[in-house]
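What follows is a group of structures, each given as C-alpha cells.
Paired with chain B in one complex and with chain C in the other, chain A is shared by the two complexes that follow.
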Partner chain A sequence: MTDPLITATGDGVPLVVEPNTPPSKKLPPGEWVKANLFSNWYNSLVTLVMAVILIYLARFLIGWAIGVEWQITRTNLRNFMVGGFPADELWRPWAASLLIIAGASLGFGAMSRAEHETDVRNGIPSTKPTQLDLFRRFWPIVLLSIFFVSFARTTPPFIGVAVGIVGLFALREVGWRLPAVIRDRGVFVFAAFLLAGFGCLAGTGGLLAIVAGIIVAVLVSTELGRAGITTRAVVIAGPIAAGLVTYFVLSAIGLEGFGWDDWGGFHITIFATAVGIATGLPFGILLAIGRRSNLPVIKTACVIFIEFVRGVPLITLLLFSSFMLPLFFPAGSDTRSGLTRAMILITAFSAAYFAEIVRGGLQSVPKGQTEAAQASGMSPGAIQRLIVMPQALRNVIPAMVGQAIALFKDTSLLAIIGIADFFQYGEISNTQQDFLGKGLQPVTYTFIALGYWAVAYWMSRESRRLEMKLRVGVR
Partner chain B sequence: MTDATVNADATAFAGTGEAIIKVENMDKFFGDFQALKNINMNVGHKEVVVVIGPSGSGKSTLIRCINRLEQHDAGRIVVDGIELSDDIRNIQEIRKETGMVFQSFNLFPHLSIIDNITLAPRQVRRMPKAEAEELAMELLTRVKIPEQAQKFPGQLSGGQQQRVAIARALAMRPKVILFDEPTSALDPEMIKEVLDTMKDLANEGMTMICVTHEMGFAREVADRVVFMADGEVVEVGTPDHFFDNPQEARTRLFLSQIL
Partner chain C sequence: MRLAIYFVVAAVALFGWRFLRDVTTKRDTSNRPPPWRDVRVLAVGIQVVAVGILFLLGSWLWDNFNTRTDDIGLDPFDFAFLDQPSGISIADSDLNPNSPISSALRNGVKNTFLTIVVGIPLSVLFGTLIGISRLSENWLLSKIATGYVEFFRNIPPLLIIVFTWSVFLTGFPPERESWEIGDLFIFNNKRFAGPSIASQENFVAYRWLMLAALALAAVVWVVRTRLFDRTGTPHRRVLWSLGTFVGIGVIGYVALGQPFRFSTPDIVERVYEGGVKMQMPYAAGVFALTLYTASHIAEIVRGSILSVDRGQVEAGNALALSGFQRYRFVVLPQAFRVAFPPLINQFLNFTKNTSLFVAIGFAEITSISINLFGQSRPAPQILFIVMGIYLTFSLVLSTIGNLINGRLAIAGR
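Showing the complex of A and B:
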C-alpha cells in the first residue's frame, strides 16, 4: 500500500504533505475559567452564588462527618457485614471472600491475556492493561472495603482487607502469566475458586453440588468441542455424566458449613443480588423466547407469568413467599427456610423483568439476520443461540445492568419478611440499648447509603466498559 | 397489451443435464394479495437465470419461496430432487444445497469475517474448525479479500461485505446460489467488484438465479432472462432475444424505461 501522505507532484517527485490535525480545543486554565464561568455578568453571578452554596454544603457535611459519633458503626461493623454469623466461624466468610477475589483476579488476568494473544495473532493492536487500569475498574469496591474496614476495632480485618487488595492486583499478574493451557480456561479457574469459596462458607451439600455439577458439565462440553469430538452420543452423554458424578461426589463428601439461614448483613445483600441475577437471567431469557413462541400454550403461560409478576409490588411477592409459598410444599416436608422461599420469589421477579428487557433486545435484531442464518441451513435452536440471542443481549446491556442495580437495591425489602440484610441493620443498631433514642439514624443510613452506592456505581461502570468492549469494530 | 402476456412458460432450461430446480403451478399470497400467479419455471444444472422486472413484480418472492424464506400456497417446488414441504428436515436439506445472497448483505455483525463464513459449515455440515477455516481463507482469496479475515463486518465497505456474503454462501458448497438484488444497496463504485465476483462464479459453472437490475450483467452472463410483472412470468428468452427482440408490450415498455 502507498503512504497516503505522499502524493505525486506530477514530475515524479513525491511531495510530502503534513498530516492535518484538528485545531486544539484546549484552553489554558485562566482562559477556560473566563470562557466557562465568567463569560458575562449573569454567568458570573450564577457562578458566585453556586460557589457560595457549594462551600456552605461542603463545610456542613465535613463538619457533620467529623463531629458526629461513629461509635455505632464501629460497634455494629460485624453485624453490617455478616449479620449474626457465628463469631468463632468468621474465618469462613473471610476465606470465601478472599478465595473469590483470588479467583476473579486470576481468572480475569488469564482471560485478558487470552484476549490480548488473540488480538495480537489477528494483527489487532493490543497492549497489556496496567495496574492503574485495574484500579480504575475496581476503585469503588477497593475504596468501599477500606471505608468499611476503617471502622474495625481489631487487627484481623485490616489484614484481611490488605490481603484482599494486594491479592486483587498481584494475582492478576499471576493470571496473566499462567501457561496457555490454563489461561484459555480462565472462566473455569474463576468458577473453581468461586465454588471453593462457597464451599468454605456453606459446605458441599445441596446448592453447591448442583452448581458444581452444571459447571463441570459445561467444562466437559467445551473441552469436547475443543478436542473436535462431534459424535452425538459422546457430546451429549459426556457432560451429563460428568456433571452427575460431580454432583454425587460432592453430595457424598458432605462437608459441613453454614447455610444461608445463618447469614446476614452486606453478605446476604450481595448474595441475594447474585442469585437473583444468576438465576433470573436464564429464566428471563427462556420466558422471552417463550413469549415469542408460535405455540399458544407456551406463549400464554409466559405472558401470564410475566404480567402477573410485573404487576405486583416486590413487597407483596416477598410476603407471598413467607405466607403462601409454604402451602405449596407437601405437608410435613421441611418447609424450607424463609430465605430460600424469598429467593424463589426474587428469582421469579427478576426473571419477569429480564424477560421483557430481553424481548426488547430480540425485537431489535433485524429479520435479515434470522433469514441469512436460515438460508444457510442452520437449525432454529442454533439460530437463536448463535445469531439472534448474542445480538439481542448486547443491545440491551444498559437495560439489564439497570435491572441488576435495581434488584441490588430492592433486596433491602428482604427486611420486611424478617431477613436481616445490610439495610435492616440500620434499624437494628439504632434500637440497641447503647444507641436507642440518640437519633443516630443519619450515621447508620449514611454508612448504608455509601455501601449501596459504591457497589451500584461499580456495576454501572462495568456495564459501560462491557458495552465499549462489545462494540469494538462492530458498527 | 395482449392477453398472451399471462404466464409465459419458463420450463425449458439450458445448462447441462437435469433441471435442478423445478417450480410447477406455484401461487403465493400475502393476505388477499396474490404475489405470484401460477409460476412454472425450471433451472438447469450450471445454468445462470437472471430474473428482472419492475419492483413489486414478485421476483424476490419467487426466489425466497425456493428456499422457504416464504411459504408458497399452491403448486410444487422441487430442488435437487427434494420436494419442498412443511417437513423441517426437507427444508433444511434444501437450504443446505441453496446458498443465498441478500440485498442488505445480512452479515452477522457480532462475528468476525472468518467466523461469519465458518459458522454454517461447522454447525450444519459438522466440519472441523481447522478445515472450515482453511476453506474460508480459500473462499476469501477467491473473492479477493483474504486480508480482511479477522475484521468485523462493520469495518468493511459495502462491496467487501457483499463479497464476504458470497463467500459465506459458497462455504456450504451449495448446488445453487440465489442472489436477491445483490448490488441494489451498493454505492456505484462498488457494484463492479461484486458483479465481477458473480461473473467469476458463473464462469466456474455455478448454478445461479439472480434477481437484479444490472442489465449489463444479465446480457453478459445469463443463459436465460426471465421477465416478471405483476406476479407473472411475462417473457422468457436468451439475452439476445430479450434485449434485441422482445415480443411482449410490457417487456418493451419496461426496457424502454430502464435502458
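Showing the complex of A and C:
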C-alpha cells in the first residue's frame, strides 16, 4: 500500500487519507436517501422495519422517562455522588473536583500547545483547537454533569457545575498561553492540582504524602536531566532527598481529612478506578518484563501469578479480600478497612491484565531494536528503559485505555462485597422507607447506567483518538 | 530461623553447583569479567535473591495464616465439612437444606455450566448479526448496530444483569396472572416455561439411535466432501447429511412406536407440569450477559471482516461470484481465522461474568459459596474449591480454543 497522506483537521488532529480511495462524493439529500436507505427491495424492507422498531422504542422510552417517578434520584442525589460523606464537610469533595478539573484543563491546554509546537516544528500542519473542538471531545462528561445536577434541589450544586464547566473551557485557554517554562511541565501542573484536590478530601498525611514525595522525586530527576547534570551522586541522591523532604513536610503539616472509608458513591467509583490503574500499571509492567525474562524462576512465578489471576472472576478475588486477606496478617494488625483490602486485590487484578497488554507491546518491538542497542554497548536496564519500553508502551496505549474502561466498569463489583459505591446506591435507595417495594429499580439503574456510560464512552472516544494519532506517528 | 537455614542451604547448593561445573569443565577463565559483572553469575544471583524474597514473603504469610486460623479454631485442610447439611435449597432442583454441601457445590457447577452452554452460542449468534449489521450498506441499520455496540460496551455487565432482572421482575406478571402464548409458553416473574420433548417408551433406545445417526451424518459429510475434492461433482453435503439424520429420525420414530411426544407446560395449583421451565433470574442473567457479550463479539466480527484485504473481495468479484458466495467462500473463512483467538477470550470472559449472577440470586457456584460464607462455613476451603472450578473452566475452554486455533492456522498457510 502507498504511504498515507497526512493532512490536518480543525482540531489539530492529523487525519489519514488513503490516496488510492476515490474522493467521497457529497450526494444531494434525495439521492443520498436512495443510495443509503432504499437501494433495493430488501434494503427498503430493512429500513422500514428498523424505522418502525426505532419509533416504537423511542416512544416507549420517552413515555416511560416522563411518566416515571424521578423523586428517588432527586432525594438520593447526594448519596449517588458522595455516599455517606459527612454533610457539613461537603465543600471538600466540591473543592477536590474543581481543583482536579482546573489542573486537568490547565495541563491539557499546556500539553496540546506543546504538541502543536512539535507538529509545527516537524512541518505537520496544525492549528489551535477551538472551543468547539474541545466540546466535541468532552461532551459526554459535560452533558453528564448537567444531567446529574438537574436533579439537585438546592442552588450550590448548580453553581459548582457551572464553575466547573466554565473553568474547563477557560483554563484550557490559560494553559495554552502559559509561558513555555511552565508549559513544558504540564504533567506536573496537573499532578500538583490533583494532589491539592486529594489533600482537600483526605488531608495531607499517609498516602498523599507518599504520592507527593514520589512526584517531587520524579520532577527533580527530570529537572536535573534537563539541566544536563549527570554526576551520579547528584542524580541519585537529589530526587530521593527531595522526595523524602516532601514526604516529611507534608506528614508534619498533617491537615485533617476523611479517609476513603468515609467516601462513597460516584466519588469512590472514580477513585477506585484511578488507584487501580495507578498501582496496577507499574506492577503490570514489572510482571510483563518478568514473564519475558529468560530466568526460569522469575518467569515461572510471573506466569503462575498472571494466569491464576486472569483465570478466576474478579468477584472471587474480592471475596478473598474480604474473607481471607485478614488471615494473612499478624494478629492485631488493622485490617478493618474493607476498601483497602479490596484495593489490594484490585491492584493484583489490574496488574495481571496490564501485564498481558504490555507483553503484547513488548512482543511488537522488533528484536533488531534490542540487538542494535546491545551492539552500541547499552546496559540491559538502559535498553529496556530507553529503547524497548517507549516503543512497546506506545503501541499498546489504546489497549491500556481499554483496560482502564474495563476496570472502571469492574469497580461496580465492589458493591457485592458491601462497599457503598455508585452502583450500590441503586439498591440502597430502593430500600429506603419512602421507596421500599415500589419497584423503582429501573429508575435508579437507568440513572446509574447513564453515569457509567458517559464516562466509559468518553474514555473509549479518547482511546480511538489516541489510536489515530499514534498511527500517524508510525514510520 | 529454620527458614533462614533452608534458604542458605538452597543458595549454597545453587552457587556450589555452578562453581563445581566451572571447576570440572576446563575453560579458559583468564578473560572472564569479575563475578559481579558476569551475566552468568548475575542470572543465578538474581534468581536466588528472587526465590529468597518470594520464599520469605510466602513463609511470613503462611505463618500468619496458620496462627490466625489456629486462633479461630479453623483447620484449612479439613474438607469434612463438605458432608454436613448445606442449609441451602435451590428452587427447581432436588437440593434441600439437608443435602450435603458437596452436592450444593455440584449443583452450583451444574448451573454455571448451564448458563455457559446456552449463553455463549446465543452471544455468538447475536454478536455476529450485530457485527455484520454494522457493516451493512443500509445507513439506518448500521447506525442502530453502532448505537447498540457503543451503548452496551460502555456499561458494567453487573448493571445490565441487575437492570434486566429488575425489569423482568416488574414487567412480567405474578405467577397467578401468567402470560400464556397459546399453550406453548408461560411467562411470569418467577419462571419462564416452554414446550419440550417428553420421553415415552423406548426413549433410551431412540436416543442411542439418534446419536448413531449423528455420527453417520458426519461420515456422510466427510465422504461427500472427499468425493467433491476428488471428482468435482457438487457435494451438497448439507442436504445429504441432514437427509441422513432426519431420515433415520423419522424411521426410528415409527419403528420404535413413538418414543417421545411433545409436551407443553401448564401450571396446575402453582405446580408446573410438562414442558421445560427455567427460573426468571436464569433467563434474565443469560439474556443480559448475552446482550453485553454480543456487543464485544460484534466488534470482533466487524474488525475481522474489515481485516480481510479489499483485493480479496475484488478478486471474488472478478470471478463473478455472487454476494453470498463472496462472503461464504472468500471473506468469512479468512475473517474467521482472525476472529477466533479474541472470540475465545470473550468466551472466557462470559464464563467469568456468570459469577455476577450472584447479584440476582441465581444459584450458580459463586452465589452458593457466598451463601455458605453467610453460614460461617470455612472460607479458605470453599474459596479454594470455587477458584479451582473457575480455573478448570478457563483451562478447558482455552485448551479447546488453542487446539482449534492450531488447526485453523495449519489449514491456512
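In this section, the second predicted complex is superposed on the first by the 444 of 475 C-alpha atoms of A that agree within 3 Å, B and C clash if a C-alpha of one lies under 4 Å from a C-alpha of the other, contacts with A are read in each partner's own complex, and residues count from 1 in each chain.
By definition in this document, a residue touches a chain if its C-beta (ideal position, glycine included) is under 8 Å from a C-beta of that chain, and two chains touch if they have at least 3 such contacts.
Not measured: the values here are computed from a predicted model.
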Of the partners chain B and chain C, which touch A:Phe320 in the superposed model: first, second, both, neither?
second
Which partner, once the models are overlaid, touches more of chain A's residues, chain C or chain B?
C
For A:Gln391 in the superposed arrangement: first (chain B), second (chain C), both or neither?
first
Tell me the contact category for A:Gly67 with respect to chain B and chain C: first, second, both or neither.
neither
First (chain B), second (chain C), both or neither: which does A:Ile416 touch?
second
Going by the contact rule set out at the top, does A:Ser460 touch chain B (first), chain C (second), both, or neither?
second
Once chain A of both complexes is superposed, is A:Tyr452 in touch with chain B (first), chain C (second), both, or neither?
second
Please work out whether A:Ala382 is in contact with chain B alone, chain C alone, both, or neither, and reply first, second, both or neither.
first
Applying the touch criterion given at the start, work out whether A:Ala51 contacts chain B, chain C, both or neither, answering first, second, both or neither.
second
Which residues of chain A are in contact with chain B in one complex and with chain C in the other?
none
What residues on chain A touch chain B, complex-wise?
122-124, 228, 230, 366, 368-369, 371-379, 382, 386-387, 390-391, 394, 470, 472-475
In the complex, go through chain C and note every residue touching chain A.
43, 46-47, 50-51, 54, 61, 64-65, 67-69, 71, 136-141, 144, 150-151, 153-159, 162-163, 166-167, 169-170, 352-353, 355-356, 358-359, 366, 369-370, 373, 379-380, 383, 386-387, 390-391, 394-395
Touching chain C in the complex: which residues of chain A?
36-37, 39, 43, 46-47, 50-51, 54, 295-298, 301, 308, 310-316, 319-320, 323-324, 326-331, 405, 409-410, 412-413, 415-416, 423, 426-427, 439, 441-442, 445-446, 448-449, 452-453, 456-457, 460
In the complex, chain B residues that touch chain A:
67-69, 92, 95-96, 98-100, 102, 104, 106-110, 112, 119-120, 123-124, 126, 128-129, 150-155, 165, 168-169, 172, 178
